[in-house]
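Two complexes, one shared chain (chain A), two partners (chain B, chain C).
Our next item is the complex of A and B:
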């Protein structure tokens, strides 16, 4: 073999080894790259970006409320009653002279708190019941599915009003009512996922490897069933915000002077002719936030859909 | 007592059609009265074509399916009626290797963690000890330590099957049911996995119930072979004897279908006529009679018994 030939061979071998190493490196980065890929896809989606921006502003507003305004949301100011929007009061004032912007800023705390807790609680109730129904089947499934179907057949707001009627008005009861009225959706979704996962071989494998039912459900089935639940939760958050506002508007939720968006909206309904800004701005805020969550939730569903 | 597993008259029937009152009208007789045993340290091959009930047999023995009738005796204990909880103690000694390694691994668990979890469940509480054992198992099945941190989708088919094998070995089983462990793999990888399984069996003194439709693999792996047709075992014999001198007409046809290994080698192929009859309505008498060229009048009337024909050779046929 001539020198040239052997050089060629060596160069070729180097190239092969180089390619092999790069492939190995790439494999190691796969975890991160899946996440990056997901984020990149999400940010290509216009709806996701707009939705995320609105949600971000909403959350920051709620968290930093006291720093964003110099007014108090509670104490009346007789000198500034029902003023139209101006530089001093960008969203105007209500019949007690309180700054609407301030009340809306503080109101975002209530909306965020209620929606997060209510969705978290209903998610846990729905997921656990759905997992039990799907995993055990038989009588357990029959009972849980029947209750779920009954709960599912009522409009959520109506059901929440019924719970409030039983529990009495108040913010805490609103959270309980929303949670109790909206778990059925999660239950149905999780049950379906679990039903299909239960047939998978790795669940059979877990059984043979001596794992307990609770370990199989919580460590093997649920982590694989959560994607649709996460999407659903982002779409349930705005619903919870609307229901909270509706209940407060009807006087069943947060009680004045608490600045729930529903309460502010309600306080302006008699003044709609002379001071439309009292009702207009909280309504606008509800619409924007709901729009933001819906845009983001829809985008999330599109991106997480393996067929996309 | 040297039998690790004994199965007596095992049946698994599935109801398929129910009438108006919920009474079963038709049943699929997937496994219909099987007797077999496996000795300590022995590999029993179970062969037959697709749909003959091989996998159902394996799964019923592991109690993943409840038997309709019969007895399963494992290490002297009758486990037929064991509850789920009681079975958990049995699974320390009896494991399963699946056909599709990808489906049998949790997609969200790293290879190392999947095995460590098994040790945790089986009361190895010391973390360092668990890690050490996982490393040892990885070594045993020929996986590299770097691969502990990878997810199942990052492995090749053969490597995945190695993980599944390591996971099954984690509990120190004595009997492993191998349900077509190489059928889903590339032919080039099959030999590696077969060699790994054989090596482990010799080294650890394991017993296998090796279920496969690949006769060459079964011949290589097994000490004894049982041939199954339509839910029944038609012949059992030591591997060498069965492959050299098959007595049942079905075994003869099945073995003649092995592709010639050396080019130019001449083999007489026996081509069976017709289809496998439905397990809902199996033929009367001998189940193979509809496709058997030796079928006699007696075959449709009396079901042949499993007859002892010398040594460890049994056959279910009126010819013998």
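Our next item is the complex of A and C:
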């Protein structure tokens, strides 16, 4: 091999690599510009900004709870029972003299944990069932769709209560109950998306190339169904928070002295006449957080899917 | 029309069957031994066997389910473990109050949501619209039971217009009815608004306007009727939500309704009562959905031929 030839080969290889890099760079640039465009649109949306701010404060509160307050959420203080809101206790104290603000701050950890786990699990259940129903059709589809339709027509709260009735009260069971009660929405959405994608050429092509069903479903179909699922999950998070609070309020979820917002509300139930602040503030927090997620979720839907 | 109704009712049968299967399985597969649920953990072998036999718990799943189905079909929902009374009797005492709260809630929903939704649609992008939609946004976010507590504090404790707790008289049902009505109105008003906006764009509304009819006549006599059609389906779906929300309200306002019966039964592990009230609640939800479908077909003939 002469020196010239090898130089030619190297030049050629360099050229090829250079072209490949530019193509990749361009694709990368395109991805980034889509992302930037998405973020820009989201920032222009007033609801998204307010919603995101509320969600951010909520998450930071949950993460940094011990740094935000000097009181303990559990141990009673007999010198400070049922005090009205003051500088020392901005949200007042409960019948055991515990600082309500502190309990609410620690309670945000429970809300965040329950909603994240429950939504993640129900998302996986619903997505898998929806993908199976849409991809295979026939009897599989019929069975899954029938069960989903029934689950869908019942309110999540009642379904969750039914599962708690079987599993017994407790915070962990609440997570399971909410997850088992709220997958039907994802299943319906994913099934619809899969049905419409199944006939498309690129799926045909993947099948002809001999790809396995699971590879086609997970690598080629599900990523395309991501948008509606993400929007739905954003709007399911606040629902999970409210259901956890309601179940704990009914005594079916977190048990005292855990500072779940529902438990605090429950402890204020009998004190409405003499100490309304005990139940006022946790309810207000639930409302704010739900509002934040709803605003952000609606904005996300507007930006991601201009059709609806 | 009759054919459609019959068809719809027949389609309801598999749904009801599946629902009973689900309710039955929840308790069949629940962790824990069903016999000790009834008799407590410490029983002799003999008593254990006799209870197992009495309730048919030694039979396989299918036999137990069919037996359960048969007794439900005969109107027998079992005997309460704690009170030793027929579950059906207990439910019959409790159901009317819950239904009254629900009906009152619906009435308040319509009284608020329709005018608000129409006003928001007609005056789109004005202060009226923004006010209605902000109210709706807040109403969707507010937890129903917390709103109930606020109403209780303001109107029962401070203003003393309503009793704090009591016997289930109508006056006691007003506040929980409002708690349900206000939150439910929030979501309904949104729906009325978007449905109304859709209808106002239609040709026949333009025709009505160009005939020189008063704007009021166009909106209320021509547009509203069609705009309310999709709201009917929403209402059918909302009944379940109302029943679910009413559970906590019954506890706050100490009203002896079916929701409270169910929660008390869950906490005291009185399974026949839980199962019975669950069955009654779920079948009323299924029935409400069917009724909404039928009503939908009556007001909108296009559905029947679809």
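Note that in this section the second predicted complex is superposed on the first by the 277 of 308 C-alpha atoms of A that agree within 3 Å, B and C clash if a C-alpha of one lies under 4 Å from a C-alpha of the other, contacts with A are read in each partner's own complex, and residues count from 1 in each chain.
Here, a residue touches a chain if its C-beta (ideal position, glycine included) is under 8 Å from a C-beta of that chain, and two chains touch if they have at least 3 such contacts.
Everything numeric in this text was worked out from a predicted model, so none of it was measured.
Enquirer: Using the superposition on chain A, tell me whether chain B and chain C clash or fit.
Expert: These partners fit in the superposed model.
Enquirer: Give one of first, second, both or neither to describe whether A:215 is in contact with chain B, with chain C, with both, or with none.
Expert: A:215 sits against chain B, while chain C stays out of touch.
Enquirer: Does the superposition put A:205 against chain B (first), chain C (second), both, or neither?
Expert: In the superposed model, A:205 contacts chain B only, not chain C.
Enquirer: Of the two partners chain B and chain C, indicate the one touching more residues belonging to chain A.
Expert: Greater contact footprint in residues on chain A: C.
Enquirer: Considering only touches as defined above, state whether A:223 meets chain B (first), chain C (second), both or neither.
Expert: Only chain B; A:223 stays clear of chain C.
Enquirer: Based on the superposed arrangement, let me know which partner A:148 touches: chain B (first), chain C (second), both, or neither?
Expert: So A:148 meets neither chain B nor chain C here.
Enquirer: After the superposition on A, what does A:169 contact: first (chain B), second (chain C), both or neither?
Expert: The answer is second: A:169 touches chain C but not chain B.
Enquirer: After overlaying the two complexes, what is the shortest C-alpha distance between chain B and chain C, in Å?
Expert: Comparing every C-alpha of chain B with every C-alpha of chain C, the smallest gap is 15 Å.
Enquirer: Would you mind listing the overlap between the chain B footprint and the chain C footprint on chain A?
Expert: Chain A residues touching both partners: none found.
Enquirer: For a test of understanding, state which residues of chain B touch chain A in their complex under the given definition.
Expert: Listed in rising order, the residues are 62, 64, 84, 88, 91-92, 95-96, 98, 100, 103-108, 117-118, 121-122, 150-151, 154, 164, 167-168, 170-171.
Enquirer: In their complex, what parts of chain C are in touch with chain A?
Expert: Listed in rising order, the residues of chain C that touch chain A are 14-15, 18-19, 22-23, 26-27, 29-32, 137-138, 140-143, 145-146, 149-150, 152-153, 157, 164, 237, 240-241, 243-245, 247-248, 251-252, 262-263, 266-267, 271, 274, 278, 281-282, 285-286, 289.
Enquirer: Which bits of chain A are touching chain C when the two form their complex?
Expert: Where chain A meets chain C, its residues are 146-147, 149-150, 153-158, 161-169, 238, 242, 245-246, 249-252, 265, 268-269, 272-273, 276, 279-280, 283, 286-288, 290-291, 294-295.
Enquirer: Given the complex with chain B, which residues does chain A contribute to the contact?
Expert: Against chain B, chain A makes touches at 27, 30-31, 200-202, 204-213, 215, 219-220, 223-224.
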